[in-house]
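Right after this note come the structures.
Across the two complexes that follow, chain A remains constant while its partner is chain B and subsequently chain C.
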Partner chain A sequence: MDINFQPIIDSWPFLAKALRTTLLVSVLSTGLGFAIGVTVGILRTYGGRILDILLGFYVDTMRAIPLLVVLVWAFFAFPLVVGYSIDALTAGVVGLGIHLGAYVAETVRAGLTSVRRNQMQAALALGMGRFQAIRTIILPQALIRMLPALGSLLIIAIKDSAIASVIAVPELLRQTQIVAGKTFRPFELYTAAMLVYFALCYPVARGIDRVYRRIAHLGSS
Partner chain B sequence: MIVAKLFRNAALVAALIVFPLTLAQAGSEVPAPGQSPKIDAIKERGVLKVAAIGEFPWLPENTSGSGPQFSGPGWILAEEYAKRLGVKLEVVPVSHETKVPILATGEADISIAPLAVTPKREEVVNFVVYSRSSLCMFGLADNPKLKDVKTVDDLNREDLTMAYFTGTPPETWAPQRFPKIKLRGVAGSGANAPIEEILSKRADIATIDNVAWPALNKQVPGLVSFPPGDECLKSNEMSTGVGLAVDKTDPVFHQWLQAVYDEMKDAVTAEELKLLKSSE
Partner chain C sequence: MKFEWSVVWSSLPRLLDGAWMTIWLTVATMAIAIPGGLLLALLRLSPLKLISGAATAFVEFFRATPLILQIYWVYYVLPAYFDVQMSQLSTAIVGLACNISAFNSETFRSGIVSIRQGQWNAGLALGMARWEVFLRIVLPQALMRVLPALASTWVSLFKDTSLVSIISVAELSYVSLQLRAETYRILEVLTAMAVLYWLMGYPQAKLVDYIHRRYKVAE
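== the complex of A and B ==
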């Protein structure tokens, strides 16, 4: 097999732009997913039975529907429902974020419930408000315990950005496909894409692991 | 008397020439407000949204990172439409799976992704056909199963596997043309042909647009085509028109797009030929 990396060299500005889009989609969808997840996780834990049932339906729905279906629905069906069209990038970020949010919510809920109940009772007995107790006592401990799981979700979010290629978000995998299709060099192009995804995700995995090792003791109670 | 007769004849000839031109010109003029809801919406928005995915030689994507995003017949038509409407041109990237359904969502006004005209597609969209295409089949030259294949008809064998992109016209054409062959549909990879299936030996042959074969043959050594060699360019297998498409709901918009193309036909053909020559 002859190997020729010239197509990658020739197209590097095109692929670099695609990498920027991958990072943008990852950052925005992670931000949205974590914002939704933390809010839903806290509300399900402390918001009462009705909120728990309603938000539980959202979590179970997102866990029951494949991400690909969510993305295609967000791009094709959602504009018909609301009468307002959204571009592929927005649909991708929203679809990925909403889907990720469900998993983050369950991780946050598990983290919060892992902190012993009497800590909340002690905080309330000291005169703290409920929100203040969550913010200053429960959540800091819970976040440390959640860190490995949240780190895994962050890595999944970066990798899942590639699924947005199906609705033509011009991210790394899609643009790699275009160059591979044009140059008929699938081996070189897809190998390069694989290495780039590895280079993005591996440091995140190792970094989170190192941080967790350092602060894990702060989460124990 | 003779002069008068000559003058009369000349006037008649001139009228015969000018009248159709005037008609064509009238057809390509942007319809007045109220005639086409789509054109009114585009003008109000100030943007013509075109769905696009690159495909040689009708809409090759520029992957250099600078310059216009596309070239080719589909692109020069899109630029001309935007110019005549006095609006900006905006590309909506699509995949092979989404290049037709996107028109129904309203996310794009025109799909300039090169589309082969098929009866199924004609049920849901209107075409402006600007080119033609037919298919060739190709495989590895050293594949022992292809050693005895001399004509396209010889490919109709149970021990051969043919790859094609799902959602593309060969999906419905191949089972009728090659009833004995094993078919293997794969997701579109952005390439003109599922070359990965051939190189990985998951399939023995695959389909490719005849005009794209010379470029593939040049860039990937060790392949063989059916019909063989230059005969591929004259292939009549699944011969069909190629064009851009619009939603069926606005016939006035479609007529205007067609009229503009009719006016630009020579330039569009020249662009395609230029790209084909540059790939040789």
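== the complex of A and C ==
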């Protein structure tokens, strides 16, 4: 078995650009997913029964349908519904974000409901508004408790950005495939890509663990 | 734009074949990944540094890299460089099983270490051997505790089987993408695919919620 890393060195600028796209897709889809998730989580917890059922349907649908299906549908089918085409990057970010949002929403809801009811009652008794109580009393405690789960979701977002390769978003996996196909060096290319993803995800996982161990006591009540 | 839904009805048998393959892949992978995960968990708890280190490396590696890339890797690298010839279906199951085993091992490990030391001591005091304490006292309790987490992994796995469409395993996504290319009825076929996944996945998601409520750990 001969190993030749020349193709990686030769196509380095191409792959470096792909890595930047992976980071961009991860950051944007995480931002979108967390924005959707926090909103949906709060509305499901405090927004009353009808909102809970409607948003619960969204959350459970995303938990039931594979990300690949969401992405493929967003990129190929959605343009036919609205009548204009969207580029792969947008479809990828939106698909990833909507899918991730459901999982974030579940985490947020679990975190909020883990803070005991008495705390809300105490806040209301002190004359705070509901929103104020959520923002200043409940959410800070809940956020700390949610941190490990949200950290896993961040890592899942980075890993899932690779699935956007299926709709030809020019991210790391997609461009690795192109180079591997051109140079007939799948072993070197795919292994290198694997190590890059590991180098991205593993430190994030360990970092979040360490931060959480530091601040876990702040979330206990 | 006019939609032609008849194409969905005429290709329904193929879609259902695909759906069947999706279910089959999920069951087959889980059947390997439960013993596989348990084995990895035990290896990680081994007192021998070499064994526990190797198992830890395997688990961390598979958990920190994308499954879709793992599938590509198994598909392109194993046959070309290590002279392992496998059908696409076996490749898919190997890729999925390695990944899910890694996740299951963390689940099992957390379950096993969550059983208090006192239970071990009590078992040993009763004259049981270590493996007996493990099999008869610790493991049954650990399994009950990790049931909700296993159920969640089950649903993730069900969804992740769609990724083996990239190596042409004829499960629901692959069949649908093929039909899309054959019929050009993109919206109809892709919507049918999403609906079929929903019909299968939604009850599973609800069942997971039920299992979480029913078997929640309360100490």
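To be clear about the criterion, the second predicted complex is superposed on the first by the 221 of 221 C-alpha atoms of A that agree within 3 Å, B and C clash if a C-alpha of one lies under 4 Å from a C-alpha of the other, contacts with A are read in each partner's own complex, and residues count from 1 in each chain.
Heads up, the rule we're going with is that a residue touches a chain if its C-beta (ideal position, glycine included) is under 8 Å from a C-beta of that chain, and two chains touch if they have at least 3 such contacts.
Please read all numbers here as calculations on a predicted model, not as lab measurements.
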Quiz item: After superposition on the shared chain, which partner residues are touched by A:80: those of chain B (first), chain C (second), both, or neither?
Solution: both
Exercise. Would you sort A:197 into first (chain B), second (chain C), both or neither based on which partner it touches?
Key: second
Quiz item: With the two structures laid over each other on chain A, which partner does A:43 touch: chain B (first), chain C (second), both, or neither?
Solution: neither
Practice problem: Mind working out whether A:68 is in touch with chain B, chain C, both or neither, as first, second, both or neither? | Solution: second
Exercise. Determine, under the contact definition given at the top, whether A:180 touches first (chain B), second (chain C), both, or neither.
Key: both
Exercise. Kindly classify A:60 by the partners it touches after superposition: chain B alone (first), chain C alone (second), both, or neither?
Key: second
Practice problem: Once the structures are superposed on A, label A:162 by its partner contacts, choosing first (chain B), second (chain C), both or neither. | Solution: second
Quiz item: Of the partners chain B and chain C, which touch A:149 in the superposed model: first, second, both, neither?
Solution: neither
Quiz item: Touching chain B and also chain C: which chain A residues?
Solution: 76, 80, 165-166, 177, 180, 186-187
Self-check item: Residues on chain A engaged by chain B in the complex (per definition of touch)
Solution: 2, 10-14, 16-17, 75-76, 79-80, 85, 87-88, 165-170, 174-175, 177-187
Quiz item: If you look only at chain B, which of its residues touch chain A in the complex?
Solution: 53-54, 56, 60-66, 92-95, 97-98, 101-102, 105-107, 189-192, 195-196, 199, 216, 219-221
Self-check item: Residues on chain C engaged by chain A in the complex (per definition of touch)
Solution: 1, 60-61, 63-70, 72-73, 76-77, 80-82, 155, 159-163, 165-166, 173, 177, 180, 186-187, 190-191, 193-194, 197-198, 200-202, 204-206
Quiz item: How about chain A: which of its residues touch chain C in the complex?
Solution: 1, 60-61, 63-70, 72-73, 76-77, 80-81, 83, 155, 159-163, 165-166, 173, 177, 180, 186-187, 190-191, 193-194, 197-198, 201-202, 205
